[in-house]
Every structure is written in structure tokens, then in C-alpha cells.
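Some structures are shown below for you to check.
Each of the next two complexes has chain A plus one other chain: chain B in the first, chain C in the second.
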Partner chain A sequence: MWRFLAEAGAVFVKDLRTELRTRVAFNALGLFAITTLAAISYTIGPYRIAQADRPYLLSALLWIVIFFAAMAGLDRSFVKEEDSHTAALLRLSARPLVVWGGKLLFNFVVLELLMVILVPLYVVLMGFQVLSVGGLIWILLAGGYTLAVTTTIVAAIIARASSRGALFSVLSLPLLLPLLIFVIQGTRAVAEGSAQGAGSALRAVVSLGGVMTIVSIVLFPAVWNE
Partner chain B sequence: MSSRRSRGEVLKWILFVWIGVIIWAAFFYAPAAAGFKGQSSRIVFFHVPIAWVATLAFLVSCVASIRYLRTRSMADDVRAEVASSLGLLFAILATVTGSIFARIMWGSYWNWDPRETSITFLLLIYAAYFALRAAVADPERRASLAAVYSILAFVTVPFLVFVVPRIYWSLHPDTIINAQAKIKMGSRMFEVLMGSLVGFSGLFVWLYTVACRIERIRRRRQQEVL
Partner chain C sequence: MSGGITIEFEELAKRFDMRVVFRSVSGRVGPGEVLAITGPNGSGKSTLVTILCGLVRATRGTVRYRAGSDGEIPRESWRDHLGIVAPAMSLYEELDALENLRFFALVRGVRDAEKRCRASLERVGLDPERKTQVRGFSTGMHQRLKIAQAILHDPEVLFLDEPGANLDPAGQGWLEELVGGQRRAGKTIVLATNDLREMEWGTSRVALSG
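Moving on to the complex of A and B:
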């Protein structure tokens, strides 16, 4: 276990170093999120939604920004290995599960960094009142993990396809729609301070994340060694 | 060979007669259910078996995909592709029959009810499966990537069919497998529904067998041309 974590950590550090050199994923995710937030804030702002609709609509808008920002940058994790012809070397130097673990960690960290910057900005600009901040953090962590684990396996699939273009969004979004429903429901519940609603949504997110993790662990070697 | 063919012919005629009897029984043997507008409840004898067959087809596709990843036999890839296409067809039919029922009962063809939403997501997921198949040129790589995606897609089915409709309030009538685990249906209606489930399952098996044969011939022809 410790050996796996150390090796996956090494793949994560390698990815972080290359990302800091080029900043392709950081720029894509960050700029997409900030531009969308600016557009939403300018067109809707904090006062154009009726008070009763605010928890639901603002939760939905927040997660739509996060999901589409993820679509803009998370496909890079495997595509860049194929584009720079380093995938073969990575296959020789690391076990498939280690590569998967490192890439998953990288995608998760990138998503959580995005949320750390985006969510406070969103709360301030949109006047989004959240009654249970602790609950929101749990939803963001669990939702971010499930989003990362699903996009990691899809990114591995599209890296092996010949025409990648919009394929990442086409394959990822339908798989992520149940997650989108659960996290919007959970965020609405924490905004309203409903512990029961937040708990049931969080359980659904964690279950989906757990199932996706197990399935990814089993299937990733078939994609990576193809 | 000829005895197998004649047995197939007999089974085909039994299926034809069975479906005919079910159609007759749905309109003349089973009573219209109380609490529904006019004769609208009779659609249950077609809508539920169609939705069941769609789920069965996606399960067959998942099992064939698992088998492909173990055996790397193109026959399993044919089975997975055919089952997915039939699943997609039956999911579209379930959506159409559900919409007709929604128009009669709730006055609108589409209400974004959780069950309508779930089936839309399923349609999108399996449409994405075919988008992936179209994006990979190499047949073996296409087969293995599609197999992985098919398994990932099937993992979301329980969340879409069982979890999403229970998180949101739904207009949809109580399902056969409900939270109380009780069958709320008259005996005649139940008999016809069970008969219809058997008939539609038989129809799926027949269509699946024929479609697999056609797909194998199409691929063989394609290889001969190349």
C-alpha cells in the first residue's frame, strides 16, 4: 500500500512539474471558470433571482460552472502523454494502477484548487448564502473526487481514440449527469441548512465515487495496455 | 442444422402468437386500473416490458463487454454492440410510450420528471457509446475501449433507475418493485403484465439473435472488401 502511494505520488509530482512548466490545464480550467463566473455574475447577479429560488438555482449554476471548467482541462492528463510521446516510457516505468493513481490525484488536486478559488468568489459575487459551511466543504470534496475519478478513466479512453476533439465532453457529461443531480441537491440542502437532505445526497455521491473507483481500478489496465 | 432452423421457425411462431395474445389481453382481458384517466393505464402492459427489455439489453451489453475484455473475441464485441443498439432502441420506445402516458395523465408530453430525466440520461450515455465507436478506426482498439465504456455506462444504470427517482419527488406511478415491496395490482393485470414481460423478453432474444447474425455478415463482408 505504502509503495503504491509513493509511486502514485511520484507520477503526481511528475505531472505537477510538467503542468507548472506549461500551465495548460491550470489556464484552461481557471480562465474558463472565471470567464463563466463573470458572465453569470454580470447577467444574473445577486439580486435577479427570487429569494425562494436562490438555494436551488445558485447551487445548479455553481456546479455547472465547475463541471464545464473540468471538461475544459481534465482531458489533458492522458492526452499530453500521447501527444508528447511519453506514454510508452510511462508504461515501461510504472504499473498501470500507479499511473491511474497518480493521474487521479493530479486531477483531484487541480479540481480542488479550482474550487478553493472559485467557490468563495462565487459566494461573494452571487450573494450565495450557505447555512452549513462544513456540509458544503464535504459536498465539494466528495463531488470533486467523484468528478475526478470519472474524468480520469474517460481521459484515458479518449487518449487512445484517434479523433479526440469534443469526445471528452461527449463521453464524460452523460456519465456525470447523475453526479450533477446529487451534488446540486446536496449543495441546495447545505445552503438551506437541511442536514437530512445533505446526508442523503452525500451518501449518493460517495456511493457513486466508490463504485467508479472500483470499476476504474479493474478496467484501467485494459485501457492503458491497449 | 435444418432441425435447428425448424425449431427456430416454431419458436418464432410461438412468439408471434404469444405477443398477439398479450395485445388482445391488454385491451380485453385486463381491466382498466382505478385512479387513471380513461384507458391510459393499459399502456403499462407495453411501457414496463419495453423499459425492462432496455435494461436487459444494457445488462447483456455489459456482460458481453466483460467477456470481450477476458477473451478478446470479436464475437463478444458484436454481441455488446448489438445489445447496446437494441437497448438504445427500446429506451427510445420506453420514452415515447412514457410521453404518451404523460400527455394523457398530466397534460404534457414532457415534464422533466425524475424518471423522464433518468431515461434521457441513459439515452445520452448509450449515444455516447456509439460516438466512441465511431471515433476509433482500429477494430480491436475500438472493441476494447467500447467494452470499457459500456461497463462504465452500466454502472450508472442503478443510480439512474433507483437512486435519482427517489431523491426527487416524482409524478410517476409507483413502480412494480416499490419501497414497500408490495404488488399494488389486480390479479388479471398482473397476469397480463407478467405475460407481456415474457413476450417482450422473447422478442428481444429473437431480435438480438438476428441482429448479431447480420452484424457478423456485415463485418465479414467489410473485411473481404478491405
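Moving on to the complex of A and C:
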């Protein structure tokens, strides 16, 4: 287990270091998120939604921004390895699950970093009142993990395809739609302070994340090696 | 593992869609031997190397790795025993030489990684303290770094696909010494080349006709 963590950690550090020097994913995610947030806050703002509708609509808008930002940047993890001809050497050097673990950790960290910047901005600009901040943090962590684990395996599947951009969205959408529904419900529940609603949504998100993790562990070695 | 590794391949054929790259290629290379794969451009030398190292599956035929008394090595473990230099396999251009080697050492679980990385760089004539990203390297330095990466974990099998490409005469002389040293150390070497001088290093030869 320690060996796996050390090796996956090396993949994560390598990806983080190359990303900090090129900023391809950071720019794609950040620019999309900030542009969308600016557009939403300018057109809708904090006062153009009826008070009763606010928890639901603002939760939905928040996750739409996060979801599409993820679509804009998280496919890079494997595509970059193929485009820069480093994938073959990586295949011959690292065990498949080590690569998967490192890439997953990278995508998760990038997504959570995005949320750390985006969510407070969104709360302030949109006047989004959240009664259970702790609950929101759990929803963001679980939702971020499930989003990362799903986009990681889809990115691995599409990395060697010719029309990758379109494929990434097309393959991700059906897998991520249930997640999107549950995280929106969960965010609405924490905004309204409904512990029961938040708990059931959180359980659903964690279950989806668990299923996608198991599917990825089974599927990834074949996807990566063949 | 004692006794080194023998690679045996029989009746290998490879086809991409309708294009036949080669058909019915057989051979064997053992510890302390150098198998030279030769042939004109497009004859499938690099393809044969990628099949022998387990990166690509042959359309037909078999490849086996045998390790002395330990018997056959399963395909998923081949990577633990081999090092490779190939034109189509790049290193990370955003990292410097030491960062690249440190990464490959860590994912391979190499012990004394830092010491081994520095020793490998010095062995190929690169300065471990140089902080230039690989994107700023000359093609010759790039090739030296690829060779350092291939020998970093002291593999029992070494695949060298056009290893002398972009090396200056001094580098080619040093490469010849390296291959000779690896051979004397009982390593199994597969060499794909069109260079007449490099072909001479081979103890056996597979000629692809194209």
C-alpha cells in the first residue's frame, strides 16, 4: 500500500509540476469558471431570483459552472501524455493503477483548488446564503471526488481517439448526470439547512463515487495498456 | 533474479488495418547477447521493438521472456525487467534532467533513487545540477538523457532503437562502450538500427525486408 501511494504520489507531483510550468489545465478551468461566474452574476445577480427559488436555482447554477469548467480542463491529464509522446514510456515504467491513482489525485486537487476560489466568489457575488457551511464543504469534497474519478477514467478512454474533445463531453455527460442531480439536491439541502436532505444526497454522491472508483480500478489497466 | 533473461519470439506478424508490416519473424536473444534488428525505413524495426517490449500486441505469433530457473515471466511483469530508448518515446519537456530521472526512479520503486539518478546522469555525461528544462536541450543531450533513463534501474533487458541517433562521435564511442559493458554484465540487448557500425555490435541479427 505504501509503495502504491509513493508511486502514485510521484505521478501526481510530476503532473502538478508540469502543470505549474505550463498552466494549461489551470487556465482552461479557471478562465471558464471565472468567465461563466462573471456572466451569471452580471445577468442574474443576487436579486433577480425570487427568494423561494434561490436555494435550488443557485445550487444548480453553481454546479453547472463547476461541471462545465471540469469538462474544459480535466481531459488534459491523459491527452497531454499522448500528444507529447510520453505515454509509451510511462506505460513501460509505471504500473497501470499507479498512473490512474496519480492522475485521479491530480484531477481531484485541481478541482478542489478551483472550488476553493470559485465557491466563495459565487457566494458573495450571487448572495447565496448557505445555512450549513460544514455540509456544503462535505458536498463539495464528495462531489469533487466523484467528478474527478469519472472524468479521469473517461479521459483515459478518449486519450487515443481522434475527436477527443467531443467524445469527452459525450461520454462524461450520461455518467455525470446522476451526480449532477444529487449534488444540486445536496447543495440545496445544505443551503436550506435540511440535514436529512443533505445526508441522503451525500450518501448518493459517495455511493456513485464508490461505484466509479471500483469500475475504474477494474477497467483502467485494460484501457491504459491496450 | 539470477542468470539473466532470454527473449524468444516465434512467427511474429503485424498488420495495421490492411497494411502488412512484417510476417513470420522469429528469433531469440539471451543474456550477454545483442540482437540487431535491421532493415530499410518502414520495414517495421520499431514496431518489432514495441512488440518485443510488450507495448503493442502482435497480430500473430508469440513472445516469451524466460528467466533462467524462474521460468517464464508473465507479460504484465515485463516492464519491471526492461529499459528502453526509442525515437517515438519522449521524456517530460517541462522537467529538468534530474526531475525526469527522479520521476522514473520513483514510479519504478528504485532504491537510493537520488544517488542512482545522479550517477546515471554523470554516466551519460550530463550535469545533474543543470536546471534547464528538457525542452531547452539539444537533440544529442536529449538522447543522452533517454539513455540515462533506460539504464537507471539497471534492467536485465535493454531495448535500443536507433540509440546513436543525434549523438556526436564522442557520444557514439561512449555508447559503444556502454553496450559492450552491458553485454559483459550479462544483459540481454535488442538493438534496432540502420547504422553499419552499430550493426557490428550484434551477436545475432534479424533482417526485415520491408
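Everything that follows uses one rule, which is that the second predicted complex is superposed on the first by the 226 of 226 C-alpha atoms of A that agree within 3 Å, B and C clash if a C-alpha of one lies under 4 Å from a C-alpha of the other, contacts with A are read in each partner's own complex, and residues count from 1 in each chain.
By our rule, a contact is a pair of C-beta atoms (placed from the backbone, for glycine too) under 8 Å apart; a residue touches a chain by one contact, two chains touch by 3 or more.
If you're wondering where the values come from, they're calculated on a predicted model, not measured in any experiment.
With the two structures aligned on chain A, chain B fits next to chain C without clashing. Using the contact criterion defined above for the overlaid structures, shared-chain residue A:Arg160 touches chain B, although it does not reach chain C. Shared-chain residue A:Ile117: touches no atom of chain B or chain C. Taking chain A as the reference chain, the count of touched residues is higher for B when chain B and chain C are set side by side.
Of the two partner chains placed by the overlay, only chain C lies in contact with A:Thr86; chain B stays clear of it.
In the overlay built on the shared chain, the residue A:Glu7 is in contact with chain C alone; chain B does not reach it. In the superposition on chain A, A:Thr18 makes contact with chain C only, while chain B stays out of contact range. In the superposed model, A:Ile44 makes contact with neither chain B nor chain C. Once the two complexes are overlaid on the shared chain, A:Pro174 sits against chain B while remaining clear of chain C. Looking at the shared chain after the overlay, A:Val98 reaches chain C, while chain B stays out of its contact range.
The least CA distance from chain B to chain C in the superposed model is 7 Å. The contact surfaces that chain B and chain C form on chain A in the two complexes overlap at residues 226.
Taken in their complex, chain B has these residues touching chain A: 69, 117, 121, 124-125, 127-128, 131-132, 135-138, 141, 144-145, 147-149, 151-153, 155-156, 159-160, 163-164, 167-168. For chain A in complex with chain C, the touching residues are 3, 6-7, 9-11, 13-14, 17-18, 21-22, 84-86, 88-95, 98, 226. Chain A makes touch with chain B in their complex at residues 150, 153-154, 157, 160-164, 167, 170-171, 173-175, 177-178, 181-182, 185, 200-201, 204, 207-208, 211-212, 215, 219, 222-223, 226.
Those residues of chain C lying in contact with chain A across their complex are 50, 53-55, 57, 79, 82, 84, 86, 88-95, 99, 103-104, 106-109, 133, 149.
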